[in-house]
Amino acid sequence: MNFELQLKVQDLNVRYAQAIDDNQLEAWPDFFTEDGRYRVTTAENFERGLPLSMIYATSRAMLRDRVRSLRDANVYEAQRYRHIVAPPLLTEDKGRGARARTGFLVARIMHTGETTLFASGRYEDHVVLDDGVARFAEKVVILDSRLIDTLLAIPL
Amino acid sequence: MNFELQLKVQDLNVRYAQAIDDNQLEAWPDFFTEDGRYRVTTAENFERGLPLSMIYATSRAMLRDRVRSLRDANVYEAQRYRHIVAPPLLTEDKGRGARARTGFLVARIMHTGETTLFASGRYEDHVVLDDGVARFAEKVVILDSRLIDTLLAIPL
Amino acid sequence: MNFELQLKVQDLNVRYAQAIDDNQLEAWPDFFTEDGRYRVTTAENFERGLPLSMIYATSRAMLRDRVRSLRDANVYEAQRYRHIVAPPLLTEDKGRGARARTGFLVARIMHTGETTLFASGRYEDHVVLDDGVARFAEKVVILDSRLIDTLLAIPL
């Protein structure tokens, strides 16, 4: 086990989750490399090898567009998220980066105060060092449930 | 990243959560320094800079009083808590201590067995070494939801 | 604090949880030593010193039988689990192994997509090095709630 790498990836995950939970959406694209890929799918689709995705972006620029749309739609203001991310399991580590598999739960807190367990799943990430900073070259969000809320526009 | 400090703060958080979850309330004040501050507020109040707090204590003695009241009121026996605390994000580290921001979820298990997602939020902590032991000089509990249960008397 | 041991036990816990959550049940017994003990009980029973258990197995072979029954009953297909396991608190470390106390939450995702907070509790584990691999010589699952779902047959 490479403990330093383990803790670096964990730190990246925690900063990623806190940026979203603190409504610092503009910082979200910077957790990805310039040509980083971001995909949200379900375990059912993923396991059957289906290319279906709820969200699929292939660059930081696309993620920035997404944030702009969310801000315009004002959808984010009505709710908060709270991610709890498990320690990552590093499944690979060659040369530039690491493959990490990481379980997560997300609670959603509506403006009314109502709190629900909103999503659960795992991240399948490719983490690289980009100018010395750990970033996602790829982040696949695999949701356990196939029930997709219409508000999924918000990053997971 | 200072990995040792990271793991020390994480260890403090885990011991803190387990003491509460195991109903070792009498040990709770000892996680704070003698003049440690403990505050529970909402994200809404916190972000607006409002000084409103659900709980505000400015010493270990006040926390001990609080535990005594809880025991007298017998309120703790009717339920259990289960904290899941994310890894801390250390945002500062000068001289004596560290600032840590830490996400958490709390499940509440009623005597009947019913389990609900009770609270979510983040800790904004100031952790110091107090005679070689890591303790909270300040712990601010910032709840995501503004719906406050009347049983909030119990530590978060 | 022995940070390396801390991270090794955490890694064991994460791999354990992911094997179950990924429906790799056949790998589950291998997280235990040949004569490893696995017990599921409630906090209420545990604190009263009652020997009652929902599940009690005293060898890897018994766990293998259990997995076979679950596969035959086809019970696992209808749902997914998502464990979120807190960092472990090592309470002992002499010679061959460590005692670890670890909080957890488990979400259950039904085939319909419905997600609920299914279980919470703590593990009281005895972790040993078995031919250089960290394994459970004993794992006691102590559930916070006394409401036991009939589907508890599935590993926690």
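Lettered A, B and C in written order, each chain numbered from 1.
Keep this in mind: contacts are C-beta pairs under 8 Å (C-beta built on N, C-alpha and C of every residue); 3 or more make two chains touch, one makes a residue touch a chain.
Owing to the predicted nature of the structure, the values given are computational and were not obtained by experimental measurement.
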{"item": "Chain-level touch network, classified as line, ring, star, complete or other", "value": "complete"}
{"item": "Interface composition of copies chain A and chain C: same or different, split at half", "value": "different"}
{"item": "Length of the line joining the C-alpha centres of chain A and chain C, rounded to whole Å", "value": "27"}
{"item": "Per-residue overlap in chain A, given as positions that touch at least 2 other chains", "value": "3, 84, 87, 105, 117"}
{"item": "Partner chain C, residues of chain A touching it in the complex", "value": "1, 3, 6, 43, 84, 86-89, 101, 103-105, 117, 119-122, 144-147"}
{"item": "Interface residues, chain C side, partner chain A - complex", "value": "3-4, 7-8, 10-11, 14-15, 17-18, 21, 80, 82-85, 87, 105, 107, 109, 112-117"}
